[in-house]
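What follows is a set of structures for review.
There are two complexes below, and they share chain A, which is joined by chain B in the first and by chain C in the second.
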Partner chain A sequence: MSNWTLDKSDIAAFLSDLGKEYRVFAPVRRNDLVSFEPLDSGEEADLGSGNSDVPPKQVFFPRSETLFTYEGGEVTAVPLEEESRLIFGIRPCDAAGLVVLDQVFNSDDYQDPYYTRRRENTVVIGLGCDRPVSTCFCTAVGGGPFAVEGLDLLLTDLGDRYLVEAVTERGQALAEGNSFLREAVEEDERLKAEIVARAEQAVSGPSTEGLKAKLDVMYDDPFWAEVHQKCLGCATCTYLCPTCHCFDIVDESTRGGGRRVRNWDSCQFTLFTLHASGHNPRPSGQERMRQRVMHKFRYFVDNFEMVACVGCGRCVSKCPVNLDIREVIEAIEAS
Partner chain B sequence: MAHNPYLPYPVIIRKITVENEARDIKTFELVFRNQADREAFAFRCGQFAELSVLGAGECPIGIASSPMDEDLLQFTVKRAGVVTGVLHSCEEGAAMGVRGPYGNGFPMELLEGSNVVIVAGGFAFTTLRSLINYILHPENRARFGELTVIYGARSPGELIYKYDLDAWGQRDDVKLHVTVDAGDERWTGLVGYVPTILKEAAPSSENAVAVVCGPPIMIKFSLPVLEELGFPPDRVLNSLEMRMKCGIGKCGRCNIGEKHVCKDGPVFTLEQLQKLPSEY
Partner chain C sequence: MSELEELLRAKARQLLAEGQVQQVIGYERGTVPLRARPCFVRDPEQVERLVWNPHCENNLATYLHQADGKVAIVAKGCDARSIVNEIVERQVPRGDVVIIGVPCQGVVDRRKVEELLDGRDAFDGQITQGHLVIHGTDFEESVELQAVWNDSCATCRHRNPPVYDILIGELVEAEDGEDVFVAVRELEAKTADERWAYFSSEFSRCIRCYACRQACPSCYCPECFVDQTQPSWFAKSDELSDVMAFHLVRAYHVAGRCLDCGACARACPMGIDLRTLSRKLQKDVRELFDYEPGMDVEAAPALGSYRQDDSDKFIK
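Let's turn to the complex of A and B:
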């Protein structure tokens, strides 16, 4: 794999040029919120605002998605997307989140055709985090501010230019033919090493060693009755989580027809597990908070040998009552 | 690319049978509109499907017919929520959809060669009825040992599959114990709760497997009786219900611990359940 540099002054032109071949998604600031949106022009990309408020999982797993339409009793499948797509500026934590989602949506037994097709069709270009913020804890959950898992190319901000590193053959192929890229020199790589070391030091977080073993015997612990108390059940933590994948399926009817839609859903809602009989296996916040923590750090590990948390910190920074998952982990570790 | 798992196979409701006096339990007999779909939907006893009513949505329902009856696909549905409500207002000839089959089904490798004790209450009898008819099929009967069926409902009018109960009662290779919580003036059969009747019938646990389905309270009081009779937890089977959407382990709501009822279940041994959180 090779390395190149890309001048910052060329970024807009670089993205516009990629737009000829790909539908390009990049962080865009709208109404003071940054989210990944399809670009009309490279000028729209906002690469200077830290990580996006909304995680890029919606590029692969939209908040609301039509599974099929129906009219007069006949079902019409929605054709799977054929276009080549590219996501630019995704952070390493969120790229690791895609690898988590892959386990669920592209499992051996059932492949989700909508998600899987988008993953296959999308080149993933990451931007390393040279300035992690106080809520970042990627290094505590197996990641890092410059980790490459889930990426095809990784960019590092070197001041007036980016260092561009190929991670996969697909990334290499894209970069090799690109006229905006110049071969990197040793100095670029030395600079990157310094930046990475600084960034890694700036990230802190709770130890998660032994967390799984603790959770394995904590299901009936009184801890859960305490820890959920201030939770409002608003589900912001799960909606903004790059690994949360729960969804609902509903029919939206119009005159004579309609569509079957899947919408993001959350284990933090009462209705999520409510049976038609009225029985609810997770009737209160205690069970729901336990489910969220157990799913991420115990059940997911049992099934896929990885935690379903990438340390992006959105659930920490966006929680309306400051319920901090890092403190929850620390409390479990200390118990 | 493989079949899109979210697309229901189109079916027609061929026949609707009202199963109980309260008229809130009906058996829907479905036929596939395309022959290829019928073949793709090869199922095992104990599996379930997502019934799809366009405009209302989907609901997971156990398959009530036996896979030995090749042209038959039946689901017994209690009117309980949004989708089952609309389904109950459908008439014969109506179009709907079905996707599946899903779930593990009953472990035939465990049941074959064993005596089988079925303990059922209420309308949770559906997949057990599939299993009973499967075992009783002439091609299969010799592969199973003694078959004991203990089935109860609140009242005589709430017993479902009366036509099957009558047919099984005629046979000498089923020990059938049908009971009601409270009889009426015409009822001449057993009266008593299922766990009580189970205790009285006292089926031997020797080389036997028990399959238990019913309301939580029935299960709660039946399990100690089975334990007393000597059934080890790895030879007691349960089929669980859970709110579900996708049926294929993606939507995230039917898990009990690390297991998904939709694809790791719905059939679990008591031994497996004892190791899982009691969140169901």
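Let's turn to the complex of A and C:
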């Protein structure tokens, strides 16, 4: 794998050029919120705002998605998206989030065609995190501000230019033919090493070492009754989580026809897994909070040998009542 | 610790130790810099957790209708009015709640602070002499509190709790005079198409996390209309018509009850303007029925009562 540099002054042109071949998604600021949007021009990309407010999971797993429509007994499938896409400026934590989603939507047992097709069609270009903030805890959950899992190329901000490193063959192939990239020199790599060391030092977080073993025996613990109290029961934490992936499939019927839609769902809602009989297996906030923590740090580990948390910190900073998952982890570890 | 915090903790300790209440719902220091958050204190030994400062943004009245037994609750002007509303609407018996009123000068809008910091990360902050001093790893910034108040605080005319059992601190001077509905009048002056375009743009950002509903003390229905499935009144996708239906129906459902505490807007992770629509209805209710919710526990709610002299212009 090789390394290159890309001048910052060329970024807009670089992205616009990629736009000829790919549908390019990048962080865009609108209404004071940064989210990953398809670009009309490279100028729209906002790379200086830290991590996006809204995670990029919706680029692969949209909030609502029509699976098929029906009318008078005729079913019409929505064709899978075939376009070549590229996501630019994704942070390593969010890219690690894609790896978590891959376990669910592209496992040996089951392949979700909608998600997997988008993943296959999308080149992922990351931007290393040189300014982690106080809510970041990627290193506590197996990641890092410059981790490369889930990426094809990784960029590092060197001031007036980016260092561009190939992570996969696909990234290498894209970079090799690109006229905006110049071969990197040793000094560039030395600079990066300094930046990485500084960034890694700036991230802290709770230890998750004994967490799984504790959770294995905590299902009926009175801890859950205490910890959920301030939770309002909204879906901010789960909807802004780069790894949460629960969904609900509904038929929206009108006279004679309709569509089947897959919508995001949240374990924090009263409606989540409510039975048709009226029985609710998670009748109060206590069980719903337990579900969120157990799913991320116990069930997911059982199923896929990794935690379903990448330490992006959105659930910490966006929660209307500052219910902090780091604190929950610490309390469980200390119990 | 401020003098007010000292008073607050002493009162809380007394209430719990004497068994007058089972719990005190108040605020504690948050884990995120420049934030406070709800806390529930049952043990008199734990009252040291309680804080009072301009970061106490949550409306704690939202926890009241699920609380068991007798509770004491720390209440700013708007929070106290929400509690009164719940009493008026027979959700909470007056005798089950001890209102610890705290006169309020406003609460800090964390989004305005974020905007000011422009990507810089704060790790701490202090309030001194009407200023918020923010500390970061390589900077210190002082900003006038006035500049970072919540929008709902800027137009607040009830800084003092209208009803309380215990008062912490001194009543503050009420602000008056200025038209608090300037933004609503601006909205009213627009054409229907312009209004539709504005709200379409705002609500198109909605991710239907329902943080607005959950944070609202007036949204206490055991089953919300959007959660009903048999029949289902609204689809759950991100289609604008469904999203809009949720927000419009919610606004109507809190008409005559919403007192503009701003909890919905503060909770919204997408920064949607949730107040303008509710305030339009608030203004209408005031003009039609001369009613301001949350001022008097004996009041008859505007939309729950009938008077011979009610204006009935809307059906003429």
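As a working rule, the second predicted complex is superposed on the first by the 331 of 335 C-alpha atoms of A that agree within 3 Å, B and C clash if a C-alpha of one lies under 4 Å from a C-alpha of the other, contacts with A are read in each partner's own complex, and residues count from 1 in each chain.
Keep this in mind: a contact is a pair of C-beta atoms (placed from the backbone, for glycine too) under 8 Å apart; a residue touches a chain by one contact, two chains touch by 3 or more.
On a predicted model such as this, the values are computed, not experimentally measured, just so you know.
S.K.: Given the superposition on chain A, are chain B and chain C in a clash or a fit?
M.R.: Here chain B and chain C can both sit on chain A without a clash.
S.K.: Of the partners chain B and chain C, which touch A:Ala225 in the superposed model: first, second, both, neither?
M.R.: A:Ala225 sits against neither chain B nor chain C.
S.K.: Should A:Ala173 be classified as contacting the first partner (chain B), the second (chain C), both, or neither?
M.R.: Neither partner.
S.K.: Tell me which partner A:Ala197 touches in the superposition: chain B (first), chain C (second), both or neither.
M.R.: The answer is neither, since A:Ala197 touches no partner chain.
S.K.: Angle at chain A between chain B and chain C: what is it in degrees to the nearest 10, using CA centres?
M.R.: 90
S.K.: Just chain B (first), just chain C (second), both, or neither: which does A:Asn303 touch?
M.R.: first
S.K.: With both complexes superposed on chain A, which partner does A:Gly50 reach: first (chain B), second (chain C), both or neither?
M.R.: second
S.K.: Applying the document's definition of touch, where does A:Val250 land relative to chain B and chain C: first, second, both, or neither?
M.R.: Once the two structures are laid over each other on A, A:Val250 reaches both partners.
S.K.: Would you sort A:Asp32 into first (chain B), second (chain C), both or neither based on which partner it touches?
M.R.: In the superposition, A:Asp32 contacts chain C only.
S.K.: Of all C-alpha distances between chain B and chain C after superposition, which is the least, in Å?
M.R.: Across the overlay, chain B reaches chain C at a minimum of 5 Å between C-alpha atoms.
S.K.: Between chain B and chain C, which residues of chain A are contacted by each of them?
M.R.: Comparing the two interfaces on chain A, one with chain B and one with chain C, the shared residues are 248, 250, 274.
S.K.: List the residues on chain C that touch chain A in their complex, please.
M.R.: For chain C paired with chain A, touching residues are 30-33, 35-40, 58, 62-63, 111, 115, 119, 121-123, 205, 207-211, 213-215, 223, 227, 229, 232, 235-239, 266-267, 269-271.
S.K.: List the residues on chain B that touch chain A in their complex, please.
M.R.: Checking each residue of chain B against chain A gives 1-2, 4-8, 10, 54-59, 80-81, 84, 95, 97, 216, 241-243, 245-246, 248-253, 255-258, 263, 277, 279-280.
S.K.: If you look only at chain A, which of its residues touch chain B in the complex?
M.R.: Of all residues in chain A, those touching chain B are 67-68, 70, 73-75, 77, 80, 104-105, 107, 109-113, 219, 245-251, 253, 258, 260, 262, 265, 267, 272-277, 279, 281-282, 287, 291, 294-295, 298-300, 302-303.
S.K.: Which of the residues in chain A end up touching chain C in this complex?
M.R.: Touching chain C: residues 31-33, 48-50, 53-54, 62-64, 131, 133-135, 229-230, 232-236, 239-240, 248, 250, 252, 261, 263-264, 266, 269-271, 274, 316-318, 320-324, 326-327 of chain A.
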